[in-house]
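Shared between the two complexes below is chain A, which pairs with chain B and chain C, respectively.
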Partner chain A sequence: MRMIEGGHGFAGDPRAVGGVGGHIGAPHSVVGQRVVRHDARDKVQAATAYAGDWAMPGMLHGVVVRSPYPSARIRGIDTTKAAAMRGVACVLTARDVPRNTLMTDVPGQTTTVGPLRAKLHVLAEDRVRHQGEPVALVAAETLEQARDAADAVEVDYEPRPGVFDAEQALAPDAPKVHDEGNLLAHWRIARGDVDAAFAGAAVVVEGEYRTQFVDSAYLEPETGVAWIDSDGVITIRLSTQVIEHFRDVADVLDVPQNRVRVIGAYLGGGFGGKEDVTVEVYLGLLAVKTGRPVKMVWTRQESLLARAKRHPYRLRYRTAAAKTGEILAQDVELLGDSGAYAYLSALVLLYSTVTACGPYRVPAARVQARVAYTNNPPTSAMRGFGAMQTVFGYESQMDRVARALGLPPADVRKANALRRGDTLPVGQVIETHCALPELIDRAWAGLGAPTPPRAPHAKVGRGLACNLQPYGRIVWLHDWASAWVGFEMDGSLVVRCGCPDVGGGQASSLCQIAAEVLGVPIDRISVHIADSALTPLAGTTTASRQLYMSGNATLKASGELREQILGVAAKLLETSVADVDLAGGEVRAADGRTMPLRQVLAACARMGVPRSHLAVYHAPAGEPVDLTKGSGKIFPDYTFGCHAVELEVDTETGRVRLLKHVAAHDVGRAINPMSVEGQIEGGAVQGLGYAMMEEVVLEDGINLTTSFASYLIPTTVDVPDVEAIVLESGEGLGPFGARGIGEPPIGPPAAAVANAIEDATGARVTRLPMTPERVARALRLLT
Partner chain B sequence: MTTRLLINGRARDVDVEPHRTLLEVLRDTLGIFDAKEGCNEGVCGACTVLLDGRPVSSCLVLAVATRGKPITTVRGLERDGDLHPLQDAFLRHGAVQCGFCTPGMLLTAYAFVEAHPHPDRAAIREALEGNLCRCTGYTKIVDAVEDYARNRCG
Partner chain C sequence: MQPFEYAAPASVDEALALLARHGADAKVLAGGQSLVPLLNYRLARPRFVVDVNDLPLDEIRVDAGRVRLGALVRHSTLAASAVVARECPLLTEAAALIGNVRVRSLGTVGGSLAHADPAAELPLAMVALDARFELRSARGSRTVEVRDFFSGYLTTVLRPDELLTSVDAPPTRGAGTAVEEFSRRPGDFALVAVAAIVTIDRQGRVENARVAIGGIDGVPRRIPAVENALRGEPPATDRIARAAELARAEVTPQSDALASGEYRTLLAGVLTKRALARAVSRAMAVPA
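Moving on to the complex of A and B:
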């Protein structure tokens, strides 16, 4: 199930290194190889110490008391009974939290809503705004004692009217979730003369689409252990995508930031759901209050109940096209549900706004995007981050345009595909190669010979969908990452980098990069990651950014270290630096002489030349732009992809059977093709879950899907094999020309499936997930 | 009550309350973290161990009920400190990402191939239905199990 293609035919230099520098040997000996990851070797032996596989002597167990109501006033909390129970060490409420209110600034907000200062309470004060909102904390000697005490905390709630739908939340008389009103953010793009384009169009296609709440559903729930280490440093070892939350913990505890240390364990999955703060603030509070180690493990039910979800959207599209299939204009209105708190909603909405017109040239565009507070569970980051929901909109529209004009959907997409030098509606110029036409051809051809239907009432259809997904953070966030690379005296190598590894091979890729540059066998490298006190900070493992950012930092550090070592080696061998190389763990001169690395390193020590280097990589930066004036760069770059699916629809029941899935992405450069394919295959299947089955079902803010028996994610029998096609244009901004590939593959599947269902049956499904019932409705089997 | 558990060929006498699950005893009493807790309701398969050679969700089995029956965790697959060929197949095929499902997945696959030495891909998928994986999309896991089964029979 794999296919790797070289970058021939592309304009870019395949060995471009994103301007970071460092010697790049060619052909690559480690980069591009199907390296077995060190973390995988640990994981098949259950040798990885996940956050929950950690215990401390004298450890307490912490539990969160959560609101059963989606909207209520808290008249009072009585903890007396709970605090007196056997084994209970402490019970905390909002008044015990040194700084209970966290304010978030969302930079770049340029709307009528005004600069966003979103408020979040660590523990609820006088109101709860969603079911599952944390109200109190308990720590006790055993988990049972902690749970019993949590049940005994008496909270006097007065239920209040709530609002459970983003549209209703924006009505003038809607209950206010926050005093400032329910409109959280509003982004707009206006480019070209949209009305004139519609007036002159050969065809105008209108569509309204709805997407649902979904859960990250990582197999490892939110977990951590905290203790007070020497010199009073509050140390928290947990499953997180962002070790920089040590600063949030310090702010809440009102201690200096250097008194909190976060250690990021290898994660049992993240997918964005461990980007916001989870257990760390609660653990810090309990450890400080009791002076003892505390463990907190959220149950699956708790995680499904209360953790941030993906934003459900209503997407309204009007698309104008010429007879040739050329897209003339898009008029898009997006409305998202933020749930009860802001978290990252405004930024998620920005991703939607920027990507609303897809990977196509759209000369005139109007995008209006809003996100509203409701009393539903909060929504925030999840793989794709707002650039996912829009794919269902724009790619459904592209097929409908093609159908209206009687043109092949693939041809319409290829004719409109972005090219280097084109400008997105937001005003950003595409500066790198966009391989969309080739990706479309390859994905479509990958479906092979058509599968015959299994029964007379079964119909087989095919569909495709393309996407663009930013990688790297918004340029006005001035992103950076750092890494340290150093030799030990025996020639073994150490890499230190603050990058959390969510399971995508983040740490292992850094080893491959260092091995490539420094000529060290990969099994001679140890990598230490994700410790806010001991590893150089590298930012979040989100936004498809770690290979790009930490990869570039490691490349830069390795390149500088190489120069240091080769300088000494050249002196020892009495030759020039250009005539020495590092390979196979030794120094090799152009004339065939070799010298053990150990000898060079000893000389470095004598000569006072460092055997390590710390490097910082700064991503291209920019200033916040006014989207409506359409003048700027928003993201460093984008990853493009195309998925093609074949499926069979049972026209008597509406059941859809997925038959084939081909997923093609231009990843720039595959550092480890096995990991790249893994991202593509896994992302595609998460996208199929979104398409076919996943939905957090809420009834007036009450979550009805709080177990894996009711919140269904794809199993082995729900999905077909995914064939990953990896294109390598060498055009990315990451090390060796790599692009981010963590998020992109989740985008296209839902639209590809909807397009294939229409291809099979003529019926269009516009609401996710496309359950048999919804397909049956589209087929008019149900009314 | 003291109960003798046979874990990976070793007898362990453990003081077990009768309501404790095997998963709790393995993790909390014995500090054996080979089985993972993903849902604690028998759906996700992350806590799978072999009981008498058959895969069970250890979160649904009472520890006292396993008395005297052989329990195998993923470390019990290793032979003389070397990886089992199935573990090796998972590595070569890139079937591991976050790894949280991996111990359970390996044990279910191992028991299945023991009982069905010549499976096709569809049969492998049926066998692994009770082990959720959120990262890989399953393709490489099925590749690994297929490859292992093929090589096992020579």
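Moving on to the complex of A and C:
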């Protein structure tokens, strides 16, 4: 690991404050420091109370009864036997749910999102559409009793024909997953004269690629505890990326939204899998029914069986290039599998459509994207959110173009890299610096001296891949976040923000920002996060948006608070506001005088000047664009990156051994470099899992990979140390010029590995994951 | 996991008495590395669990010309044993390939053999070594040859009231031995594993070759076609390769979520070649 400072000399640039409440002089004293996060300390000491660690007196255990069939009609459900079993408190079916519809379009959003209405039943009524679909709920005194009772719920299923492949789902005679048909969403981009560009191209490269279902595979499965608090409020403490689901719980229970409170625990991983509703609605139903606290912990098998996955795609690319390597046109056709329900599929597909041509200038582009319902497990948000599958397509194509023209792959990418002022095929102008050429050079150079092969049958190769990933939500969602920052009388500071911490250090980064602006030592700050009743709402911890959104809200609140306090301090010191500063937990005047903060705060109280500030940050907003007209801003901004890998292929078995991995990203500004490196390393490893081994294997809708013995994720011995290269252009829209870095690092690894395999062996793998068997096939070791 | 009764007897006789009393309702608990997952998945639902970890069955010794391993010898102990490395290095290599360090420090020889996973290393090694198993019950004891011990996928001839107390195998001094396996990740069960034992005669030809393969059928087994093709031949690289190719024709493995049967067949050939090549080079290095 190493840090490369201020690639473009932006360090300390006052512009970098991002235009919100900035009073920040360079150099920063806390921002940019390798601060040891409070949550890291807690976690390594096992002091963190995760959702599953919560227990209450008289607590029941809840279990979900799930469909064993991927497609069936429910003729009847008999719960009498289960309800009569020892220890059973209640058994619930669809009939017991006050409002059995859950809206799933855009979690946490407060504005209408147009045509994307997506919904499902909380508990299945007369049909199940995927294996593992929830059908009934059981609560009992012990977990074992609840499991036994769940086994005893008698559901009369009539299996029906299903469809298990997106292509087949779109055939005219395919069984309909939903009455309105199997085509869920369709996006198009048409820009420039594509056909003319192909006609005039020096080289045309065609490729078809396939990506797989993968699981979030967080170590902490879906978990929570619900109880009716002494004030009668239904309170649910769980592992979630979106505390705003309190509204969905209220709607399902048919109670006012202010009668439900969601508390988000520090998460043991989210990756998008906890963006949609998981256990909270079931917990709410059981707690209300029994009047007792209820705990629900999904097993690993349940989570792997039925939780939303990443969409498998079929990607078809035709790329036209000039002799110089200049990309002239892209013709892209995407088809995704939504599984049984819509969830966020339409938006995931939109991200794919917008990113389909990669971080390159593509003057002519045709993108057609569709996503279809099947009777597979549902697919929804997952780190990368549709901007990931496309990297495998466009970056495989870039290498093939380079190869066809005999040009170095790095050069072809640099020549086509987006620059400020360029326009994406969707019509969005790139308004910030794109550091791609530098990222490519650094990543490639980072591989160092070539590793010699270990055996005569081994071949070593190198590859690289770049990506762009939006951060922040689609502009027409009118995204906002709020934060409250306030001093206690002793000068200690409190930050309140509704932001869930998924493990990326979200809470700690807010403290760093407040510490920087208010000159308070970071250990004098308490941060309260993710409580829908007590912390100002901050939106979802998804879309690489929390540092950007809640960070800006905290920066703004801290800046306003600073003004308030300094105003009073200047009066007390009989000087001007410009001549006082907050540092080291005290007020310092330009002439060297100091005053304890405590004294200023007491004066604030006396003078009626608030010692706190609540700020709302509104992201740049826009209206929905017509993608085919290609004229509009879709996302606030993008993060760019480049990964380079070196690997060794066993040409007798197809086994790939990863040797080196270098991951370079322009993060704008690293608020905490350790957190940034953590995101890059973790993202790269998760991306390598996608590249090499992770796959939810389904046979006619039946999941064959419901344990970690068959669903393989990389462990420390499967991946090399990831070398993170952090570039800080100061060009992001977040606090101090930061960009989002949560999602971006997962994108490039798969394509980089595929490109390195071709470099080593001449064989191209076009299907993920690149298992030894698939590599063996590409090497023609198998027929 | 479902509730069960539990006892941790201190003597073999006590353990056998408990097994005799509870019969098919009882399960022996050794390292727990296979049984505990089965309990968690509710695939095993014993009413009684007999924890054998306190029994004095963890000895490794050479006795009557055979290497004898008590059932409670841990995989890590086996991998680290100097006696085993000298007398029967195939077992050292096999034990070191099992799972990960956590599994090896708890898992036992007896547990692995009784569990009889077709891809497990120790059953494979025992098949290659022609091992013998010592089984005891309150009714008495019996000795079972390896070819009779494994009866199918995860099944053996062990009766519900029987305890596997030890296993013994002839030393392989003078031979070259090797295990080659292929798993999707290091530490996973092998997709295919091959064990080879080769002796070279004074003329430098293969005197005897024993080759066993696991992960293909319900139980690990020998591949006589490969063994016969090598016997009496000079162990040149191309001959080894040709003999190893025969392994492919001898197997018809199943497909599962981790690999197809076709790919396992490819591996059977490659791993047989690599195991033989290493066993041969070790056999050649043995001082005559």
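The rule is simple: the second predicted complex is superposed on the first by the 759 of 783 C-alpha atoms of A that agree within 3 Å, B and C clash if a C-alpha of one lies under 4 Å from a C-alpha of the other, contacts with A are read in each partner's own complex, and residues count from 1 in each chain.
What we mean here is this: contacts are C-beta pairs under 8 Å (C-beta built on N, C-alpha and C of every residue); 3 or more make two chains touch, one makes a residue touch a chain.
A quick note: this is a predicted structure, and the numbers were derived from the prediction, not measured.
S.K.: Just chain B (first), just chain C (second), both, or neither: which does A:776 touch?
M.R.: A:776: touches chain C, not chain B.
S.K.: Based on the superposed arrangement, let me know which partner A:653 touches: chain B (first), chain C (second), both, or neither?
M.R.: It touches chain C, and chain B stays clear.
S.K.: Which partner does A:705 contact after superposing on A: first (chain B), second (chain C), both, neither?
M.R.: second
S.K.: Figure out whether A:717 sits in contact with chain B (first) or chain C (second), or with both, or with neither.
M.R.: Both partners.
S.K.: Which partner does A:238 contact after superposing on A: first (chain B), second (chain C), both, neither?
M.R.: neither
S.K.: With both complexes overlaid on chain A, does A:697 touch chain B (first), chain C (second), both or neither?
M.R.: Second partner only.
S.K.: By residue count, which of the two partners contacts chain A more extensively, chain B or chain C?
M.R.: Per-residue touch count on chain A favours B.
S.K.: A:726 in the overlay: touching chain B, chain C, both, or neither? Say first, second, both or neither.
M.R.: The answer is neither, since A:726 touches no partner chain.
S.K.: Report for A:144: first if it touches chain B alone, second if chain C alone, otherwise both or neither.
M.R.: In the superposition, A:144 contacts chain C only.
S.K.: Does any part of chain A touch chain B in one structure and chain C in the other, and if so which residues?
M.R.: In chain A, positions 707, 709, 714-715, 717 sit in both the chain B and chain C interfaces.
S.K.: Could you list, by residue number, the parts of chain A that touch chain C in their complex?
M.R.: Its residues touching chain C are 144, 147, 301, 652-653, 655, 693, 697, 704-705, 707, 709-710, 712, 714-715, 717-718, 771-773, 776, 781-783.
S.K.: Okay, in this complex, where on chain A does chain B touch?
M.R.: Going through chain A, the ones touching chain B are 1, 34, 36-37, 39-46, 48-50, 52-53, 55, 216-221, 266-269, 271, 297, 299-300, 502-505, 674-675, 677-678, 681-686, 707-709, 713-717, 719, 721-722.
S.K.: Name, in rising order, each residue of chain B that touches chain A in their complex.
M.R.: Against chain A, the touching part of chain B is residues 27, 31, 33-34, 36-41, 43-44, 46, 73-75, 78, 83, 87, 90-94, 96-103, 106, 121, 124-126, 128-143.
S.K.: Taking the touch rule as given, give the residues of chain C at its contact with chain A in the complex, in rising order.
M.R.: My answer: residues 1-3, 41-42, 182, 184-189, 256-260, 262-263, 266-267, 270.
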